[in-house]
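Across the two complexes that follow, chain A remains constant while its partner is chain B and subsequently chain C.
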Partner chain A sequence: MKNSFLMRNPSTLIFLTALAAFTIVVTLLSEAFGLGLISTSFVKTLGKTLCLGLVAVAMDLVWGYAGILSLGHFAFFGLGGYMIGMWLMYERTRDIVISSMADAPIPPTTDEITDAIGHQIFGVVGSSEFPLIWAFADSLTLQLVLVVVVPGALAFVFGWLAFRSRVAGVYLSILTQAMTLALSFYLFQNDSGLRGNNGLSGLQNLPGLEAVPQEVVSIWFLWASALALGLGYLLAAWIVSGKFGSVIRGIRDDEARVRFLGYSVEGYKLALFTLTACIAGIAGALYYPQAGIINPAEIAPIASIYLAVWVAIGGRGRLYGAVVGAGFVSLVSSWFTGGQAPDIPLGFYTIKWVDWWLIVLGLSFVLVTLFAPKGIAGLFDLVSDRKWPNRHGADLGPDAGALREREASE
Partner chain B sequence: MKRLFLAGLAVLMTCTVALSQGAPMQDILQAHSALITKSSRTTISPAIAAISNSGLTQAQDILQAWQSKDIWQRRSDGLFFRAEETDSGSYQLFDPDTGKIIGEAAKSDLRQLKPNSGVRALIGTALVQFQLKDNDPARRLAALTSIERNPSSDSLLPLRASIDMEPDADLKAKKRRAERLLTIAYDTDEAARVAAIAEMSGDLGVDVRATLNPLLQTRTQVFAGVAPDGLNIARVLVPGKDIASQEAYRLLIASNLAPARIDQAEILATLSDHISDGKVGGIAVEDLNQPEARDRAYAALVSQGLARATPTGAEIEAQLAAHQIVEVYSEPSPVVTSAASEALEAILVNVGVNQTLDLILDGLSLASIYFLAAIGLAITFGVMGVINMAHGEFIMMGAYTGYVVQQIIPNHTVSILVAIPLAFAVTFAAGVAMERLVIRWLYNRPLETLLATFGISIALQQLAKNIFGTQARPLTSPAWLDGAWVLNDVVSISYIRIAIFILALIFLGVFLFIMRRTRLGLETRAVTQNPRMAASMGINPNRVNMLTFGLGSGIAGVAGVAIGLFAKVTSELGSDYIVQSFMTVVVGGVGNIWGTLAGAAMIGFLQKGIEWFNPSNTLAAQTFMIIFIIIFIQFRPRGIIALKGRAAGD
Partner chain C sequence: MSTLLEVSGVSVTFDGFRAINNLSFRIGTAEMRAIIGPNGAGKTTFMDIVTGKTKPDEGRILWGEKSLSLRGMSEARIAREGVGRKFQKPTVFEDQTVHENLVMALRNKRGPFAVLFYKPTAKDLARVEVLAAEIGLEDALWRKSGELSHGQKQWLEIGMLLAQEPRLLLVDEPAAGMTPAEREHTTNILVEAAKTRAVVVVEHDMEFVRRLNCKVTVLHEGAVLAEGRLDHVTANQDVIDVYLGR
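Right after this comes the complex of A and B.
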């Protein structure tokens, strides 16, 4: 028992316990199953935050542990959302179409139903044909498979191209950002087959479950998100605690040395990059049914950079740090930008947080980078008595190998 | 009353005198009096023709007066005069021949000629021939322009007649061109038209194409059997080859040459009309969600005589075989149409060549914009290796500086001249401040630099939004930069783009000069290659880094002014360019200004080239461009111009 996985990683156990407690408390306070102290929309916000925590774990794996600053993980997140959104939208539109055609004297043929669904869905972009990418939209199983496969495949192809030509460090970041930009540009087109900048909407309505009220659905999604986050966290903790984790940390600290030790650096990076893309896809598939709408603006490069911001503020290189960062920053952001924060009158000028929050966020991000590279999670060190080895200053990133900052500037 | 009568009498007297002296214009008017007073568009032509062909010098004045409703007829004797209202309310009468005042008359004695708009247009056409020979070149040009705008067969002869006596060479050439085009469109002589077409062949003007295209207009016609002779047939459409059989049959139906097919909606309606006991034609209604079941049910209805039969495939084939579908030119003369299609083909080839040229100019201009946006990065990222995600916001700051300066200095030329150094100063200061406060603590940690500068970027963007609002602010270019350099109807480039191209060249020169010829450039290169060695040679690396970063940022600010001139100034101006700028530097090859130039050229031409395939979709062009770049980096990871040896830094 002493050598079991959870005992060796007490933080995982603590995190999972806290997550379970959080879920139970929210359930007990919700409108559907409890006291009704938490509104349905706030339950949805909390559920979405858990999904953001999951994608932050993925980001932390790839950035904090492997040193790849990917500015594309939110694109994978969005792709996951699009995949589930296609099924949700198709099925719901089908239900509507069938019920509206039920009154016709002659029952409609399958082709007529499909045409009518196409009209409904693609009418906004002036088309009625189903594009090829909607071929599996009528099957929940296949779309669920695509939630994992599409982001994974994109990450695999992109990562294979990038890693094999030894693009690393900031170049890789810029390249991933370009990929994200290209993807969002592509989705913004009306003929991309995903309704252009209208995106997919009405995702909060689950087909076949119209009778279930939204407050119950929101709790279901909270549970599902918590479960996904818990499993994802467990998987990530298991990965980083084993041999694989040691190798990817080795790659982060000195890629060339790991390569000379005989490890296939590209293989490890590619595997991790693809796996985290799949996790991001799952997180997105849980997020967007709670958000209700997805459009290409969600995929814009800025979203992926915010993801990096969350992880950095939370504390990268620790899984719980990523979750804490994502939860803290996104909840505080929505509090400030939602107009709930009180304005500060200065006499000559009133600070409206809706306008000034981004400035505070941007500057606090600079401050965290400069003065608190461990992020919020660094606070836990104060209580955990954990000793850190005295290395010569901060880590310099993958380009500089094992060289530490103080060594470099001396 | 008495005075009035006397006045009227006096007028009558002079008038009779005028008549007796021989008044040709009045005679003409009198001869067509009935037509003129009851003027209508359909009947008036002989009267107008008589006046305009009279060869009298006064004809133009009369027509003009008539057009502007200044001709009045005296009730007492039916004579026509030009009349002007006096201050006292009565009318002064002018003789149509001599133009002299011949008296006054009360309004009640006169009847105004009120030509309707159709008649006035006819008069206007008749007037053109006079205006074409007018002494004032401006009026001649106006007449020519009106002919070009509303070409008609009537204008052809007067225009042709006026060419020889045209003194102005420039105007003469224009008249000649208009005459050629009118000849093509309206001349009755086939040979003359063909000659004119041959002459205009290869001309790039839009007007030539606009003249030739109607000649080649066709309409699709269906004939039973074979099309009759005497038609100018463009081509025969073979069903199944040139035209889909479905479409061909639809044409037959439209011409009432074949029985109509029955469409799905009608079948559905018929079926639902004949539902009895939950069955249609012996087939249960719930089974009708299969197309075959529907067909069987409908066939059953047809056999019971309850529905109309739809023609079968074989019948349709037979109908199609029995008819001929042809495209017929609306222009009857085959010689003219073949000459026109040849000429049009020659023109299209010529247009294609010129469009390529235009595309090259467009690409060049886009490349210079990317180069401008990226050159600051070429210094901060390329030379110093600092990732500055706030670079785009420096561009934006420069553009807003230009906007603010324009609010203070209204003269656009002066304000731009002030804005450029001021934008440099502002962004230089911002860059230095940023380097001092943030970047120098992170020199060895590029990923952290990226994130910290990104934080600054979102803060600056939001700050700009708070100060200037979200709506776009105009940065107006000086008047002498308005307009475009027009080479012909296809190739043109706006002056502002030329200015940006020149500015990009200047920047390139400035960059090369600073890096290669100045102390700062030398020190910068020394510090980036080996800071410790440079420091031991007495160079202060901190100071050099600060100045270099400030220089790169300052150049971004100047680029911002230039970009703001053609793009709207918004807080997102910079972020629109940041990814492309980094791409430009990375694709070109980090650390080499020629690489940046090559990168900008490649990205600019590539994007314009892809846009050319699908001009309506610039988003697709950008998508494909980025994908291309990602693939390109596979093959040249160090960019187009890769540094080799020690300069490469590893």
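Right after this comes the complex of A and C.
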């Protein structure tokens, strides 16, 4: 059955094959398992890029397919990161605290250990108490559940309020930005319980696995990210291939018509918004251990706007476009902003890419939107010669009506 | 014959303009009705009210044997109760195939989870084939509906309407943009449908209305001006004054 699904969706098969090939090649070139041609930090960059690809798939589902321009999905991504970060930080600090107390004359009590961990983690924000939200931080299982549940619950509550009042279009985009902004402001506060602007750090160190070198860990995360992207892609492709896909594309193109067919548009939007928030949370939970640190700046409204830009440049409404866009733009972006791109001296002025990159990106976005709405993925059409009608129901009126639209306009 | 839909004393005002004024209307479970009236008489607004798109300021809208009130129900809920609608301008999902359009319309569970795990049954597929043949699109099943001609889109929408198996069909100007042969075919489909369900047709074309051979309601300024057989209402002096005489 799965085979037949892949056969019916060749682009999914091609994508998964390419992803597998990519993962194998990177592994073979890595320091840990191969020729050592790729540095560990670049392996991490590639692993992170796969996570960005996954959140882009979620964005494409919600925007490219259902037409909901959410500018808040990076908040869900960040929340996923925070949830796994809490466990990583707690466990590692506990290990450190226990080993440092090991040679104390009197064995420490559990309370003393907890206090010491609290002191270590929250010292930077002038506190040593564990806030309530850290209640499950000692359990990997529960924090993994929260990776999905916290973004999902926030999306559900937000979506329920917004969709029920039929907030749509640009107003919904603004509302999602407001949500993102509010969340990042909240997290910036020292008493948010998540270490304010310090964020959570040291996430690259896996508790209990200190002996494993980072070059190996980086490959593990690359594999995990590739697996998550592959599964997420498969899920998304399955969702959009059936009647559910028909309905959400219908919502994108003519929401009122879908209502008159008897589908509860709000219910569909809510389901999809929540599901994609969960996917974004998983992507974030894999991303931040590779980044090593998460802080509230990651949730800044602009991050979610970038996400929309990636998907637009990659090509909306086809999942591989989102992945290509996220990968391409984020890699190029880090090349330019990372200072690797050579400055261009013009004599009177030197173009520093670190400053100018944003403008280039913004301009590309505008140009793609205006002149190549299918994005980079549109290039694949040249190969597959895929055509889609771009006639949006122009009413021909009674006289020309019996003609096809093309005949009529000739 | 028992009553399927009973609208009584309904009014709606847009920015002080009374588009529907104390309108009353009733239709049985298997009945054909034509609504005629000059432009701006409120025919489309009437359909908007019944389908829940426009909320009336006052009045009652009762539905079915249990006299359920449609007022306050969402559009989707009303559609699930069995009210199907065809719009004045053909609205089909242009980016999707004829087949996808029809499958979406088929009478099946509408909830997100049921739809996510939906697999077309042999019965569903057969039904799509039958409908496609009925609307003359059996060879176009796998084409994107955006590629269809205006008349074909009208038919696809009629096909979607039939696929929904509604108890009440509201059809807004179905013959617009059709050739005479297509009009006749449309008449036949509607007359056939009215044998088992209620059908309300808004139409300008008198020839078309005559062929429907049914009771006619004349709307004017948001209220019923006359009602009866076509010959009867066209002989009515008020109707001649506001509509036919112009």
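One rule holds in what follows: the second predicted complex is superposed on the first by the 387 of 410 C-alpha atoms of A that agree within 3 Å, B and C clash if a C-alpha of one lies under 4 Å from a C-alpha of the other, contacts with A are read in each partner's own complex, and residues count from 1 in each chain.
Following the convention adopted for this analysis, a residue touches a chain if its C-beta (ideal position, glycine included) is under 8 Å from a C-beta of that chain, and two chains touch if they have at least 3 such contacts.
Note that this is a predicted model, so its numbers are computed, not measured.
When the shared chain is aligned, chain B comes close enough to touch A:Y171, but chain C does not. Once the two complexes are laid over each other on the shared chain, residue contacts for A:I305 go to chain B alone; chain C is not touched. In the superposed pair of complexes, A:L361 makes contact with chain B only, with no contact to chain C.
Once the two complexes are laid over each other on the shared chain, residue contacts for A:R257 go to chain C alone; chain B is not touched. Of the two partner chains placed by superposition, only chain C is touched by A:Y268; chain B is not. With both structures placed on the common chain, the touch criterion links A:L209 to neither chain B nor chain C. In the overlay built on the shared chain, the residue A:V157 is in contact with neither chain B nor chain C.
More residues of chain A lie in contact with B than with the other chain of the pair chain B and chain C. By the touch criterion defined above, A:P108 reaches chain B but does not reach chain C. In the three-chain superposition model, chain A touches both chain B and chain C at residues 395-397, 400, 403, 405.
The touching residues of chain C, counted against chain A in their complex, run 51, 53, 74-77, 79-80, 84-85, 87, 89-96, 100, 103-105, 110-113, 115-116, 118-119, 144, 146-151, 153, 160, 164, 176-179, 182.
Listed in rising order, the residues of chain A touching chain C in the complex are 239, 242-244, 246-247, 249-250, 253-254, 256-257, 259-265, 267-268, 271, 388-393, 395-398, 400-405.
By the touch criterion given at the top, residues 268, 271-272, 275, 280, 285-286, 288-291, 294, 387, 438, 441-448, 450-452, 454-463, 465-466, 575, 579, 582-583, 586, 617, 619-620, 622-623, 626-627, 629-631, 633-635, 637 of chain B touch chain A in their complex.
Within the complex formed with chain B, the residues of chain A that make contact are 67, 69, 104-111, 158, 161-162, 164-167, 169-171, 173-175, 177-179, 181-183, 185-186, 188-189, 191, 301-302, 305, 308-309, 312, 355-356, 358-359, 361-366, 369-370, 373, 394-397, 399-400, 403, 405, 408-409.
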